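Once you scroll down, you'll see the structures, which are given as structure tokens.
Both complexes below contain subunit A, partnered by subunit B and then by subunit C.
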Partner chain A sequence: MAEQAIPAEVLEAAGPTLLPARGVDLRRSARLGLTAGGVAVFVSANGMVEAFSKRDIVGPISLGYAMLLGVALGFGYLAGRPPQVLQGFAAPRPGWRNLVGGLLAGAVAGAVMAVFLVLIATFEVRRIFLNIGPELVREAPRLLTVGQDLGPGLALIFGLATALGGLAGTLHLLRERWRRAVLAAVLWVVLFGLLASVVIQVLRGIQTQLRLWTAPIADVLYAGGALSVAGVALVAAAAFGASLLRTSGRRRRPLRRRLDQLPDTSRRLVRVAVLAVLLLGLGLLPQILGSFLSEVLNIAGIFLLMALGLNIVVGFAGLLDLGYVAFFAVGAYTTALLISPQSSLGLGWVFWAAVPFVILASAVAGLMVGTPVLRMRGDYLAIVTLGFGEIARLLFLSDWLKPVFGGAQGIIRIRDITIGPVELRGPQAFFYAIFLFVLLATYITYALQDSRIGRAWAAMREDESVAEAMGVNIVVAKLSAFVVGAMLAGFGGALFATKIGSIFPHSFNVIVSITVLVVIIVGGMASVPGVVVGALVLVGLPELLREFEEYRFLLYGALLIFMMVNRPEGFIPSGRRAQELHEEDMAQDAWLRERAADEREADVTAPAPRKAGEG
Partner chain B sequence: MAQNSLTPKGPLATKRALQLPLVDGFLWLVRIAAIAVILVGAYNSLISMRLSGQQWRDLVVFGLAQGSVYALIALGYTMVYGVLRFINFAHGEVFMIGAMTGFFVSDALARTPLWLTQPFLALLIVLICCMTVSALVALLLERVAYRPLRGLPRLVPFITAIGASFFLQYAIAGLFGVGVKSYPGVPALSGSFTFLGFRILKVHLLVIVVAVVMMAGLYLYIEKTKAGRAMRAVAEDQETARLMGIDVDQTIARVFAVGGALAGAAGLLFGLVFGNVNFFSGFLPGIKAFTAAVLGGIGNPIGAMLGGLTLGSVESLGPSLVLVGLDIPSAHQLKDVVAFAALVLVLIFRPTGILGERVSEERG
Partner chain C sequence: MSERGEVGEAGPILELRGVSTHYGPIQVLREVSIEIRPGEIVCLLGGNASGKTTTLKTILGYVVPTRGDVMLDGQRVNGTRTQRLVELGISMVPENRRLFKRMTVRENLELGAYLRRDKAAIAEDFERVFTLFPRMKERLGQRAGTLSGGEQQMVAMGRALMARPKVLLMDEPSMGLAPVLVEQNFELIQQVNEQGTTIFVVEQNASMALSIADHGYVLQTGRVVLADTAQNLLDHPQMREAYLGEL
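Up next is the complex of A and B:
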């Protein structure tokens, strides 16, 4: 992200010899407008706007409308943004072009949308496009024309899109600090609107569990499940203020450094206190969240477990495994066979007795998949593992192995996990089991990351031949990555089986592998915090907002493309991985920073360059 | 290994010298087991005479028809791989979109008298629509998803392609519904005739003929035209091709368009043979066609054709020949297992394909 990494001041500081850069390119704005129109038409035609129109997020604005408004605002913002600053050019001055760029994009998008509306109002296309129903434009709610007739509706849409585009374009006239504050405010308002049910539940839960008076806050913020006017004002003001404070320049020393300077005993005390508070919070979490949100968290937790495992295979070792669901299935079936009294083995063990066998079975599965693909690289490996995953699913499904695995009927009556006499029944109790395993997986990940084998993986990921030449044992490194990854997925499968209580081969579709892959790619390969956030957002959010379910994989696909084109290192990247993917950018930034520093030494009055962006 | 001064020494080398034979031994074991399973199964089922000669011949014809569809799709994979060295995972979806287009256009045409009076003209129209739409989708894909990523590590565009594949699938599901779309019947294509003891359905004949014509056309296009020569040059060496004045971007776009058009044609043929299509129809044929491309030696169009026909026959004959012989119940349920097993075995043991031109371990 060179354009973010080099703040304008740096370039100005680089000296008067720089050529002025061009401002906003209007042709690009028009193109962005066309794209925006296409996106708006697409989400209208595939029924997203309609499906999301039932959930109000901010006042009367439903999620569906918010999406359309967001398209206009987002693309207007992009269209008004000055182009990337190249080496040797000064940053362009903000001016009327930013506004016009945004306006133009908005107008083009509005026009495209208007044409679409006229078309679907005149032609009956429902036979082909199933989701373009009469209620979009012709009949009662008239969703897309905001309840108006076609004529006024078109004018309204066009005007609104243009205005919003322009508004977003003018944001670039603000100084960066203020612009960030505005963006933060918008983002937080949307977030609070989207997560209304979570925020309300948490605030109420805190009141009932901890007897703090937090429930009235929920009543002030929300009215009828959507942010009220007061809520918008409060959230926006808080986010705006926080952003301004954060960028105020008089930055205090980072917390961590201040902690490091404390004497040993107090440091230990702080650490213990933090840990205690964290554990207390996590212990109370399921009670505060209630049973539905705990369930959502559990599902996200199972995927997180798998994602941590795949992170080792893909993120650390660089082996793209698309059949990862096979290990998940092996774990689930092993558990089910051993602890369900109705399985073909009919043993009916307790969960913990099955755990060693789950480890064993998934390790063997990992070896079986890993050994044949030892000599493969990259995409061929991905396809072979995909083949393995599908074979596993088809075998579990087949009539041939039905006496063992139960065929399409699967295995039912899998018993709950017990700890001594206590049964972990219900999502709130189950949370603790999942949390335990996630903690274990996180520990394993961190422990392996900097171990000898972790460094061998990193070397192998960067260049296999060189790593081998340097004495990394490729066979051991690859197989151990597969085995560790398989074991974590096996744990995920075991928990999944006991959580659901019955397993069917259809749960182990290739789509699970893809979901896990999306989680680690969006979160950031090889970065544990990224994977955690990725799992919570990408798996938790669709569970929370049920209407997303139908469009979940559409969004995953779009996200994968977007991430690879724009941010291949993920949103919360691991430093090393980002370096691999952006070597050239990094080199260029370093050169520019150096040069700016040299100039500054020569001219002391120049403003100090800030630390380069977060990328 | 010859004992000379270059042989690695020391504890690590000894360990590795012990490990490699283990892995190799395992692979040999898999190889021998696979061959044994195939031989025993084939022997048993041939001895048991559970299927008559006529049924075997039917299976062969069906395998060839199916295989020519795979071959057409495989051409798209192989051409893109030849030029860009990456697996266009979304190619199966381009094929599915062709089949979808085929459904909508033929559904519309089936309401007109043209469908009965001039069925082949109608089908030609449908074919052109399918090819155009698929080619456009492939072009769009290249422009939006792949072009910005050229030159990055090979896994980056591959992951993008996975994303594109799912995006296209669920975009189609959202726009046109998830239901199965049934092709209208073509009266002129119902029925069969017998040729040299083979009973051939007319649909299958049409599919094979169209596929052969397409492949011949493609062969001429690649070998004889200027654009085809440009493609071969770009496949050989992009930088040199650029220096020779070839517009590399345009050539690559053209490769995608041609591959997409062939996939679109395959989509229509698939619809005619199997009768229905839904948003997920592209996944399995896509994977199988990729297997076919590898089987024939990826990057090699002739190989893709051979690989497609081979894989189609294996998939059609495999369950009856091998699995029935092993007394596996409802063997046809496992037809996809056969295809995937073929995929895995081919990729592990013969990644260079039958014709063995390219090496899968090339550095990317």
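Up next is the complex of A and C:
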């Protein structure tokens, strides 16, 4: 995504004979328009537009419409984007081609959509395409023609798509700084619209908990659950201004550096203050968020725990484990067996007494899965672990082990976590337990990353046999990755069991493994902040917007494809991953730099290049 | 087999005594005996499928000999775990260098010293590597995969040296390098040897290897067919015909 600027020295070496800039390729714009049309037709035909039309997010614009608008704007933006600067070419100047590219893409997309509308208005296709309902075009509210009859509706759609595409294309006429500000404003308006319920709840929660006068802000920003005109203006202005401020030429010193320069006593004071505010905020967070949002956060938190664990196995050690859910199940069942008075053991322990056994059981499970696959790599490992995951589920479900695990009836009446006399009942209280474990997992992850074993994992991930020749004990490295990963998943399972209060084998299917894997891939492999964001967005968001539920995996799939093509290193990549995936670009850069240096060296008249650190 | 017998003042640091190895029913090495004395460069020559790589694998403990012994510093090390062998002082520059391409040069070098815990000595060895390859110092933060071929070879050597090996094994150092780099590479090997590291090179490029080696062995279908000083081998008529491309 990042357009890498060619180093000045390379341009210099290439000489003054720069070829003229390549403008926007209009054929490409038309192709993008076709894709945009396809996407718009697809989301209309599979029922998404209709399903999402119940939630207004910005004024009268529903989420369904916002999606169509987003398609037109997004593809228009891409279509109007000038091509990357190639070596030997001048940088393109913004001009009418940017606008035309956007217009063209919009028009093509609009035309595709219009054909689709005519088709579904003329033919009865509902028998094949169940989700193409009559309310799309034929009957009120005629969603896709915006309430108009077919004729004017077509004109409207076509015109709108073209205009939006062109509008998005013209963004490229702006200078980078302003364009970014506009994009930021659009992004934040959409976010605020989408997350209306969260923002409103938080503003209200702050008022009741902290006695700050924040609830009226919600009344200004939102009307009837959607952003009001004033809300759009405020959010857009704030985002726009913040973006401009951030990119303003003055480079401020990083906060950390400024902090370091303070005298010791005040530095300590600042640290204590920051910590206190953080703790206070976290302590009040469940109260501010309320019951529902806390529950959403808890679900995301359990997946985050698992994702942190899988991140160690896949991200650090490079062992693709598709049966990760097995460890989650082991943690959950161990907990349930020990703390439910109605389990086959009937012990009814307190949660904390069960924790050591959860650790033990998941570690053993990690060894059991890890040992037979020691000699396997890559695809084979993935397939075998996939099998292990299913075996675990089937064992818990089996009649054979029914006396222990309860078969399909599972284990019920799992007691809540208690801290002394306090029971963590309800999502708001439960949040603290989850938070504690997530904190622990984060600490473990960071500690391991910088440890000897962390280095061994990294070496093993890159080249197993060479790592071995360096003295890395591959058996220990692999098994320890499996064991640590299994333990974190085990914690997740333990929390899951106590949160739900009863567990059944069907909760532990392959979908859980896949979801966790998607979280770390999209979030950013081997990057803790990435995994956190991934869990919040991919697990939390669908809980928040229940309409998404039906399309959850479709969206995961689309997101995965988008990410793999455009940003394979994830939302928030770890430094190393990002480099790996752009290795070729970088290798090319390095080669260019080297060549430029060589050429300068060869040029006798030029002063000899100074090499740092030599001699 | 070796004519040198007990001529050298010190005993061999690494020795193969009549080593035979099998992959399942297939015998790969047939009573191979090789002696490497401290401070020497010894090269093992041979064409494809002659058993060169298997010899290295046997020394590194990946393959356990079915007969004969591998002796390191007078100790029998047959079938010892690779990890232990690295600790005992064997390290390798693998074929095609095989750097951890996505890691920085520094990380590569650090991994070479993976088994060592003596921080001060490791820091010393970093300096030693920098004196050998001054260019490495500027490249420390750069990713190994972005280096040029010649620089990568330096990192690979540096990485192996970071283990403070008694014997440095090199698998086909000329493989995949431009002719100019091959020459440069063998100069590097010589340079490292002059600093006191014993080197065992496995190579197809016979003339190049013999030009820097003290002794050479020629392997043919798993058998040592010639063993002599490098100079004698260079003059040996059979060698000239078969490996040095002269008539």
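By definition in this document, the second predicted complex is superposed on the first by the 568 of 615 C-alpha atoms of A that agree within 3 Å, B and C clash if a C-alpha of one lies under 4 Å from a C-alpha of the other, contacts with A are read in each partner's own complex, and residues count from 1 in each chain.
Everything that follows uses one rule, which is that a residue touches a chain if its C-beta (ideal position, glycine included) is under 8 Å from a C-beta of that chain, and two chains touch if they have at least 3 such contacts.
What you are looking at is a predicted structure, and each value in this text was computed from that prediction instead of being measured.
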| item | value |
| --- | --- |
| Which superposed partner A:V199 touches (first subunit B, second subunit C, both, neither) | neither |
| Which superposed partner A:A459 touches (first subunit B, second subunit C, both, neither) | second |
| Touching partner for A:N473 - first (subunit B), second (subunit C), both, neither | both |
| Subunit B versus subunit C as contact partner of A:D399, first or second or both or neither | first |
| Partner chain in contact with A:L305 - subunit B first, subunit C second, else both or neither | neither |
| Which partner reaches more residues of subunit A (counting touched residues only), subunit B or subunit C | B |
| Partner chain in contact with A:D379 - subunit B first, subunit C second, else both or neither | first |
| Residues on subunit A lying within both footprints (that of subunit B and that of subunit C) | 465, 471, 473 |
| Complex contacts: residues of subunit A adjacent to subunit B | 42, 45-48, 128-131, 318, 320, 322, 371-380, 382-384, 386-388, 390-391, 394-395, 397-400, 465, 471, 473, 475-476, 510, 514, 517-518, 521, 550-551, 553-554, 556-561, 563-565, 568, 581 |
| Subunit C-facing residues of subunit A, complex | 452, 455-456, 458-459, 462-463, 465-473, 576, 579-580, 583, 586-587, 589-590, 594, 611-615 |
| Subunit B residues within the subunit A interface of the complex | 12, 15-16, 19-20, 23, 26-27, 30, 86-87, 104, 144-145, 148-149, 152-160, 162-171, 173-177, 283, 287, 290, 294, 328-330, 333-334, 336-337, 340-341, 343-344, 347-348, 351, 360-361, 363-364 |
| Of all residues in subunit C, those that touch subunit A in their complex | 60, 81-83, 86-87, 91-92, 94, 98, 100-103, 107, 110-112, 114-115, 134-135, 137-138, 142-143, 145-148, 159, 163 |
